[in-house]
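Across the two complexes that follow, subunit A remains constant while its partner is subunit B and subsequently subunit C.
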Partner chain A sequence: MTSKAAAGRAGRRRRRGRTSDVLGICGVVTVGLLLIMAVFAPWLAPYDPSERVGRPFQPPGREHLLGTNDVGQDLLSEMIYGSRVSLVVGIAAAAAALLIGTAVGVLAGYYPRRLGAFLMRGVDVVLILPFLPLLIVLAAYLGRSLLNTTLVIGALIWAGPARIIRSQVLSLRSREYVLAARSMGAPDRWTIFRHVVPRTALLATGSFVRAVAGAILLEASLSFLGLGDPIQKSWGSVLFWAQARGAFLTPAWKWWVLPPGLLIMAASLGFALIAFSLEERINPRL
Partner chain B sequence: MKGLIDLRRLGQYAAAAAAAVTLNFLLPRLMPGNPLVLIAGVDVGLLTPEQRAEIIARVGLDAPLWQQYLRYWADIFTGDFGYSFRASRPIVDMIRDRLPWTLLITGLSLAISAVAGVILGAVSAWRRGSKTDLGMLSGMIALEALPPFWLGMLFISIVSVQWGLLPSFGAVTPASGLVGWEHIEDILRHAVLPVATLSILSVPGVYLTMRYSMLETLGEDYIRTARAKGAGEGRVLFGHVARNAISPVITVLAIRLGFAFGGTVIIETVFSYPGLGRLVFEAVSGRDYPVMQAAFLVFTVAVLAANLAADLLYPLVDPRARTS
Partner chain C sequence: MTDVSVDHGKAVPLLEIEDLRVRFELPTEVVHAVGGISLEVAPSEIFALVGESGSGKSVSMLSVMGLLPSPPAAVSGSIRFEGREVSGMSGRELNRLRGREAAMVFQEPMSSLNPVHRIGRQIGESLRIHRGVTRSEARRRAVYLLDRVGIPAAASRVDDYPHEFSGGMRQRAMIAMALACDPKLLIADEPTTALDVTVQAQIIDLVRELQAEYRLAVVWITHDLGVVAEIADRVAVMYAGRILETGPASEIYGATRHPYTSGLLRSIPRLDRQVTSRLAEIPGAPLKVSQELRGCPFHQRCPLGQDDCGDALPELEAAGAPAHRSACVHRDQMGPSIELWPAGAAGEPRTYGDGRREVVVSVRRLEVHFPAVRGSARSRRRVVRAVDGVDLEIERGRTLGLVGESGCGKTTLGRALAALVRPVSGSIQITGRPIDYRSGRRRVVQMIFQDPFSAMNPGMRVGDIIGEPLRIHRLASKPRIQERVLDLLEQVGLPPGAHGRYPHEFSGGQRQRIAVARALAADPEVVVCDEPVSSLDVSVQAQVVNLLADLQAGNGMALLFIAHDLAVVRHISHEVAVMYLGEIVERAGRDRLYGSPLHPYTKALLEAVPAPSPAVGPDRNRIRLTGDLPSPADPPPGCRFHTRCPVAVEGLCSIRKPELEEVRPGHWVSCHLVSR
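On to the complex of A and B.
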């Protein structure tokens, strides 16, 4: 191996590392801005998004920067308040998924024989069923509310994290300190909470952030299909109404269709970038 | 020596199918509300008491739960998915009308995304760490964050409405009377935008798998051997690396099919495309629960069949899987 090639490779690796850091920072900034928007929505939004404050179907103007929708609500205010639904549902659903995923993953990894085999069969079944149709069927039966949307998404996206955490626990289980703790008669529960769970935290953080990115898209998809909370409008529900009123067939698409989609994408991408940069640190080979 | 197909995998598919059927059976019966409405759809409210009594007897709603469950399975095995009171048609007929359109657009988009994903993934891994690789990787991560329905709506706004290039809804021009080649062209023109949207959504999954698999393969000894014996770059890339790296993509494609089917619910809704996905949307908005359930079962069976096909194909493509 020539030194030039080695230097070139080291340079590439550095560039890669730098790139993933830059992407991670972009993600943090995007998510941070959206969080600020969600928290300070009442101060930032010019109008109450549920009030009819203008003529319907108004194009952007001085009074309504993004125009108005079919019943005369201010679209900019809907965008700002929509961030709340998106982020709350995304983060809560991912947290629920992580809770289930960690529980299943740790149990399946720590007791790999019967309990583990049984749990992993369940994981396989969840992973193989057609995901979105199942989500829609569940959401349609449960009814439209923020809590139901969150629960349904959380109940379906835990299987991926469970698998990742299980493989980590499987390898932790045979480490010396775990074996030492067990051979000295430590009860399983103590070993699990003292030695196993803390060491899955890094991996779990990565899957949590990735799950948020996915959950935000799923919430938007459900709302777009008319299965979102009818009172708390999200970006997805704004697009549902834009679709129902044919906004994308008129010039209104530029202020009614474009902004909510860009915001959904920014939110999901922000979390995905953070996840990517985290995973790069945990496993730099990929 | 392993059999033609892994029995454990087969058991897994059977379990998944049973889970889907059981879920379908339990959901309407456990949810709060009138079980008759949840089983037969909201339109049963329009029926006469006699008709309602007939449905209750047919589904066996007055029998114990386990008897209802057995009857439910028997109905499915005889291909009886029930009756849609909203559409006034047997559900099997509705599915038969819709399924071909969905298979057309998912099949085309799966093929396109497979080819594009494999090529891009191979190139990206081959030049790992380069600007091309990082550019593509970032692009694919961005694509994964794209809301599918939004992409479809933008396509309609820009390509169909502003440029007037392609039709914005439906699968054929209504009452056009086109025959032969012109009819096929009409169908294809209607399919372009839905297929493009679905393909763009499926590419990142294939790309990431191919890229990762390529990176794994690049570290193998036989690649070093091939290089050492003086094989050209192109020969190493296509003859040695890509060829060995491609097999995981098959498994991923089967999984992608599940996502693509889910995607059709959204894409067909945006493009008013008369497939099974649009049927799910119509059933959900019309609270026509039995239709929604039947469509979910068909999607499940299709996904399981695709996985089975991938299991059978895998050893053909990758001889290493035959001996282990």
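On to the complex of A and C.
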């Protein structure tokens, strides 16, 4: 009986697997290229992005492939170095979100009655809050630094992962092996860390990657509004300066606005695709 | 219509299967589920297909109905229904066959019924499909059928949803559905396995009755030899996708000519035999066939097995009586005088120590309630009294068997002992000390679950699983844990190599051994065994029962053995308690309780157990319990059993609640009609 069911499942997974695998590979390649760009920025960038290396407002040419900005910094180099900031903030913020989300999700799922109800109302509040205004207020209040940006984003996007993980924990806690561990006399701490948390790891991976995609977008929005770290430029802050210097209205948008926009999209889409294909693999096993 | 003459049933078989083979081609492996079987079913006979899980019994019948998914199933061979070849039929012809001429009943009635459609509509469905009758006609017929299968007040229940029916009623409804178009063949796939013994007995009676009335042929698929003896005319015993023996039921039970059948018959504990100190056991685990069989599939577990048994595949050949055939080259060596499967001597189960008695577990007026969440606001405050005032004691080195139908609270009682649920009142003391729920002095009670696989974290290695209690209670240092685990593996009869492997690599019986080892690791005073053998194959159950008894004789643990199988409980227990709706209705020493039960419920339970011997089977004049267990959220007033009791006295049993009283030394009964 079981062998039949397994065969049916396997067949279905294979069929559905193909598209999601292709998309997943696209995502991995995109993200991989961006990561290489971030890691090897000093070697790849033709100039130091903080130095004035040419005349201001130069259009693309042989010396500056994407031209220069209003103070004569090389835009291509800014873009390459900007990937470091964008990716680091995105990944760090997602990690912070996952940490909070897992803690809340596991507690709420394992103690679903009082503590769980209380925590999930908190989750609801965070989900309901209007994102961007709050983000702006918090970022403005805390000051403009890389760490603050990361923390603010992390503090706002943990609610989604918390919900996903809670639902998994709710099902895990009623599994018989958790009951068995309790029957051995294991304290809750033991069952949570030995039997529940490790089993949420797969699911957490999926929501982590998805959270990175979201965090990169949020970081870009914050920086575009001028709330990013003024010293370390990300793709979003490149856009902020382009906007401030009127590049959106001049022909300069082609080399000043479009490239960072495409990069933001590529990074966020890359992570989203990986998340999609991961979830496709993980979810059927729930 | 074909001219079917019943007297010469052999001449025109209803169902004829020849050299049926089914292979599953899975991505990871190939499973030969059925390896060339041939059989015939005559009109209006009851034919039983017996085998353990994975023996191919269900798969072969699913292929008769054309219900196997293909791929991955590859079916070959010939299946003829009234002379028409089934395997070559088009989808439309198959649909006509299914439901109209051959119908099927499955094990789990709740999952076979659509939960969002009314029962009556589901029964009428096949009539509307096959007969094209009108809606009102279908409904009328559904009421008739429900009434026929014994649903009380059928006309008012016809519009119920499946969840409003009890388990036994759902199975009756499934049978009504199967009978809707007057089929000639009914295939019943483990139809009573999910039911309680008392309900099982009702269903068996019903099928036998309907079979006679409708002149149905029935193929009854089961693993339970007791049920087969009750119902079957002819039997085929399957193992590893082959039929090992086939013949009239009386022959199979009385003069089997195959060592496997005889092993099965010897290893199941029975109520009609003396208790032996050990059950006969078949060594090893059922075979999973991943390539074409070359020799006898059973030879490695067989006491008659010789080297040449593995060289040629034995075919079914005549053995003894007419129509009795066995696929064993040594079939002529078998006879009533030869005991292939030695069991221990008759008598008391072995006991631990010097016979001094020491109470280990003492439960006083224990009550466990759960909030009943269903229903309106009015009923929200109601509670389910799962355990309602239970007293019991277990002594060192002894076993208390706890029996009762599902829903009687026996599992909750066991869980309360293991501190998994908190009682609302009453006390549990283990070696004189109460359970401390907060700090958890819980090493002293360990538990063994019904399904060993789901009770183990699938991502952990066996060594870590067994060592877990040691780590939880910090009972040993790291290197000592490893040593202790190897020691435990040896105690439960597993190779030391099991240590580094994962639970999914083991068979069901081996997994239960791992669970036993884990329960023993913390050196508990009491082990609560919740249905420890009921998910295991028949041939493996005896191994686990013997293992538990052996271990107990060695270390003196007390056992609370919870089971619905009265024969198994009788085998392992020193004392037995019978539970009904949260209360213990009778408690006595084993031989007293099985020999001279006093409570009518105990009597009815014992009567309902099918005996694996056709001679005793159908002719017994027994008490049948009617109906199902009432809801524990709303127990009947007075004696809780009076609604189903055959001897209840109106005006007494329905009003006054009987107390559990000691009517003889060591024999406690709670019934007004039992005099001291």
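Keep in mind that, in the parts below, the second predicted complex is superposed on the first by the 267 of 286 C-alpha atoms of A that agree within 3 Å, B and C clash if a C-alpha of one lies under 4 Å from a C-alpha of the other, contacts with A are read in each partner's own complex, and residues count from 1 in each chain.
Everything below uses one rule, namely that contacts are C-beta pairs under 8 Å (C-beta built on N, C-alpha and C of every residue); 3 or more make two chains touch, one makes a residue touch a chain.
Here the structure is a predicted model, which means the values were calculated and not measured.
The partner of subunit A that touches more of its residues, comparing subunit B with subunit C, is B. Once the two complexes are laid over each other on the shared chain, residue contacts for A:52 go to neither subunit B nor subunit C. In the superposition on chain A, contact is made by A:198 with subunit C only, not with subunit B. Touch criterion not met for A:245: it reaches neither subunit B nor subunit C. When the two structures are aligned on the shared chain, A:183 is found in touch with subunit C, with no touch to subunit B. By the touch criterion stated above, subunit B contacts subunit A in their complex at residues 12-13, 15-16, 19-20, 23-24, 27-28, 31, 38, 128-130, 134, 138, 141-142, 144-151, 153-154, 156-157, 161, 168, 212, 215, 258-259, 261-263, 265-266, 269-270, 280-281, 284-285, 287, 289, 292-293, 295-296, 299-300, 302-304, 307.
Across the complex, subunit B is touched by residues 9, 12-13, 15-16, 19, 23, 121, 124-125, 128-138, 140-142, 213, 217, 220-221, 224-227, 236, 239, 242-243, 248-250, 253, 257-258, 260-261, 264-265, 268-269, 272-273, 276, 285-286 of subunit A. Residue ranges on subunit C touching subunit A, taken from their complex, read 24-27, 31, 33, 58, 68-69, 71-73, 415, 418-420, 440-443, 445-447, 449, 451, 454-459, 468-469, 472-473, 518, 522, 528. On the subunit A side of its complex with subunit C, the touching residues are 1, 3-4, 6-8, 10-11, 14, 175-177, 179-187, 190, 194-195, 198-199.
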